[in-house]
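Just so it is clear, A, B and C label the chains in written order, and each chain counts residues from 1 on its own.
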Amino acid sequence: MKQSLFQSSMRRAPYVFVLPFIISVLVFYLYPIIATIVMSFQDVVPGETRFIGTANYQKMFSEDFSKALGNSFKYTAFTILILIPVPVILAVMLNTHRRRTNAAYRAVLFLPSLVSVVVAGTIFRLMFAYSPRAVINAVIVALGGRATDWVLGGAAQAMFLMVMIAVWRWTGVNIVYFLSGLQSIPSELYEAADMDGARPLRRLFSITLPLLKPTIIFVTTISIFGGFAMFEESFIFWQGQSPNNVGLTMVGLIYKKGFQTGSMGLASAIGIVLMVVIFIVSVIALRSFGFFKRES
Amino acid sequence: MALLTKRLRAPEAAKYVLLAMLAILFLFPIYSLILASFRPGRDLMRYGITFASLAPDFFSGNNYAALLTGHSGAYPVWYRNSLLLAFFQTVFTLGFSSFVGYGLGVYQFRARNALTLLVLFIMIVPLQILILPLYKLMTTLHTMNTFPGILLPFIVSPFAIFFFRQYAVGIPKDFLDAGRIDGLNEYAIFLRISAPLMTPAFGAMAILVAQQSWNNFLWPLIVVRTGNMFTLTIGLNSLLTPYGNNYDMLIAGSCVASVPIIIVFFFFQKYFISGLSAGGIKG
Amino acid sequence: MRRFLVLILLITSVAGFNAFATDLTLWTFQELHANFYQSMVPVWNAANPAKQITLKPEVFPYDDLHNKLLVALQSGVGAPDIADIEVSKFANYLKGTIQLAPLNDLLDPIKDKFFQSRLALYEKGGKYYGIDFHVGMEVMYYNNEIMKEAGVDIDKIKTWYDYIKAGQQVVAKTGKPMCTLETTEHWSVYPLFSLAGSDVLDKNNKVILDNPTNVRVLQMLYDMVYKYKIAVATPGGFHHNEQYYGFMNDGGAASIWMPLWYMGRFTDYMPDLKGKMAIRPMPIFDGSVNGIKSSFLSTGMGGTGTAVTLQSKNIPLAKSFLVWVKGSKEGNIAIWQQLGFDPMRWDVWTDPAMREPNKFTRYFQNNDIFGMMVAVKNGLNTTVVSGNYPDVIDILKRNVSYQALVEQSKTPEQALKDAAAQLRK
């Protein structure tokens, strides 16, 4: 009697445990995604909501849109280009026997990620101020260059700013990811390689990198998602109003259209397009990593 | 072996010199913020952080005093709100996420793999894409500008769920069986036996969730309507407007907002690190 | 008995507690506005003991306020009783079913005492939905210390030709630029469109951003930077910015053209210029520069249309307070004295109270700021702010000046044409 009660309790239990998750996925993920799809085919003004077919999708392609898409692409590309190789190398450098020293460096490099994006953005705005006395410009001037307006000086300067703040904040985090990946590589492999007289560079390419691949794939994937979804950093620098849209990202465009001009339908359409873009880029990236191949 | 360490000496020294330079570069922004916070905010906004502003001069601005009084005492309100939100977010998110993650980790049932994949998938979908309908949802639920409105979307965190799941997988079945033999139902087992075993997981996730709540910006920006509900992030952001001149508050306020986390980090470092590591290894 | 009651009410309202008062929430993006409204509450309460109010203003950053308000009005929940809406965003709130309360019942009896063009800014279908602070007459602010150093008499500058010539003299003698041009906002270029007799939209809401007059005006600004070399890009991008205040305060430029309401920025943020600045009418377009000719002496710029939302539970009371504080004689005089704005009621302009000394008259070299403006008041151009105006201004702010003057990625004509093309889609 007791046995069967337990058994049925045991069989039901997992479903009870996961129920909150199911509910929250339905409410906070599934419903919003479906609502976004629906709204993308509507025109939403106070008092009236009407279906307008694919008009939003047709209206979407403007100079603003291509700027936003271009910026998001460039930002994601630059951040991945810097924030994968460099932290990998740093993680390898910090994966040696000097535990305490390495832990200290790891902590210092991790620190920037603790600070909120508002504070980080404020610091960077102040460091990169236009005045020739501001620290970055002061160094440039001392080296013989001219003081630059980083915030308002042009598209290249704006992209540089956004990428720099990302590098500052996320290097430490990526190092932690890669370190944990490195630490799961059995040390016997390295010992065997040493026995064979392998040089450090050879070790890196033949053992470390291949075995680090799952971690690299993981970090790259979240970097793609994070790159295309970037909004806050750009918002802190320009409050959504960058000149000539040098700082406009896809999510910035959604926010602008949705909350500033109240075109929720159009903004939803842009959101759908963004999801599709992220999906395509991720699949391409994963493909090139051989993620979908059946490995032995 | 000894030959190896001697040979590596020069390159290793060079490596640590490089790391040291990098460390200084990374610390510089935070260091300069702390020092600059003692200077008048207006000068900082006009000329930026200059080398001159780095000279420790603790008396030229009264920014820290202004924090308490400025803007009719807004800053302490923001601080209180952020603290309360971080506390409640941690409690609720940990409660629900551990519940779900445990279920996924401990039991063998048909939907298990599918659900785990769903967790991973959700982990990757950024909130920013969902802001519009989420906003409408909150409006319908009458939770705009309320604490629940800010907390709800984050209550079930896929990251935490996954972390707890990994941890739960490692709980020895014998403990669970012992509990069953003693007559406990599954939920009691969770509370009395398993949860205490997962303390390190709770520690790591508590830190992570609290930090994310403390630094949360986009969602509160959308949900909060009145000044007395501002959190630190959106409050500080509102000081960046050129129509006010509370830059003293902005700089000093940024410091006071960041320093607690940094201190917590130094004491609970391993929890921060282990919190991130779980996601990375299995890939 | 009545006096006794009024006394009690006055005392308790001063003490901050007023059991008989209705709470009214107000959103604004300018702390100065909030302070002004708050200062007028005791005056209202004393004059209207049966209709007392307690005002609860909230100050949000500019964009944030407009976003939140729009979303609140669209979703039907969360809007305040009263809200400041800047003129370049107002048209966003006149779409679909308008969620603002018409003010006609209170405004019609007195409306002939106002500058009609300022009332028309917030009108749709014959109904007035918002009421402004001021006329916003565009004027020129000269740093007379620099001008004198260069040997220029500012009273001799009548046309834009004079201005450019004077600018060259200033640069040659002092090394300082004659003026700064905004590159991330529109206050340098847009007023000149209007002064030249042009606009960005015509009466039928068609985009005329790229018409020949506007192209010539923007070309003139481009030439000021690169050909005559008398102008530089505003540090910080726009004139409401700490970098500009610091620059100008340190004597960075010789002049700036902004509306009259910019006086408050000088008094509050550029204290070192006290006693050095002089206000003069705008130079006029007489055909001597780029062939631009117009009969206008100035134009009304900027504005905040304060409105009552339909979500308010106290619409009649909110409307009464609003129309009183911004539409009555005493409200208008207070607007000048406290905020330094040129009020909308022309019958106030000749009131002796307007000539009393205040912090603005003490700051500027002018003996009679208002007298100067009365002379110009019949030559004001107006602007179209309805329909697509928010989108037009948005693109003008963000792209045009920046592309033409900073990046030089497009010629002035190309920048205007591309912006207009995007708007016409």
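Everything below uses one rule, namely that a residue touches a chain if its C-beta (ideal position, glycine included) is under 8 Å from a C-beta of that chain, and two chains touch if they have at least 3 such contacts.
It should be emphasised that the depicted structure is a prediction, and the values quoted were computed from it without experimental measurement.
Counting C-beta pairs in contact, the chain pair with the highest total is A-B. Chain centres here are means of the Cα atoms, and by that rule the chain farthest away from chain B is C. Chain centres here are Cα averages; for chain A and chain C they lie 41 Å apart. Separating the centre of chain B from that of chain C, both taken as means of CA atoms, is a distance of 42 Å.
Averaging Cα coordinates per chain places chain A and chain B 16 Å apart. Residue positions 45-47, 136, 237, 240-241 of chain B are each in touch with at least two other chains.
Of all residues in chain C, those that touch two or more other chains are 61, 71, 243. Residue positions of chain A touching 2 or more other chains, listed in rising order: 129-131, 239, 259, 264. Per the touch definition, chain A reaches chain B in the complex via residues 2, 6, 9-11, 13-18, 20-21, 24-25, 27-29, 31-33, 35-36, 39, 90, 93-94, 96, 101, 103, 105-112, 114-120, 122-131, 133-135, 137-138, 168, 171-173, 176-181, 184, 214-215, 217-219, 221-222, 225-226, 228-229, 231-232, 236, 239, 251, 254-255, 258-259, 264, 267-268, 271, 274-275. Those residues of chain B that touch chain A in the shared complex are 12, 15-16, 19, 22-23, 26-27, 29-30, 32-33, 36, 44-52, 54, 96, 99-100, 102-104, 106-107, 109, 111-112, 115, 118-119, 122, 124-134, 136-137, 152-153, 155-156, 161, 180, 183, 185-187, 190, 211, 214-215, 217-218, 222, 232-234, 236-237, 240-241, 250-251, 254, 257-258, 261-262, 265-266, 269, 272-273, 276-277, 279-283. Residues 61, 63, 66-67, 70-71, 73-74, 76, 92, 95-97, 99, 183-184, 235-237, 243, 390-391, 397-399, 401-403, 406-407, 418, 422, 425 of chain C are the ones touching chain A in the complex. Against chain B, in their complex, chain C makes its touches with residues 29-31, 58-62, 64, 68, 71-72, 75, 77-78, 240-243, 245-247, 268-269.
Taken together, the chain B residues at the contact with chain C in this complex read 42, 45-47, 135-136, 139, 142, 144-145, 221, 225-227, 237-238, 240-245, 247.
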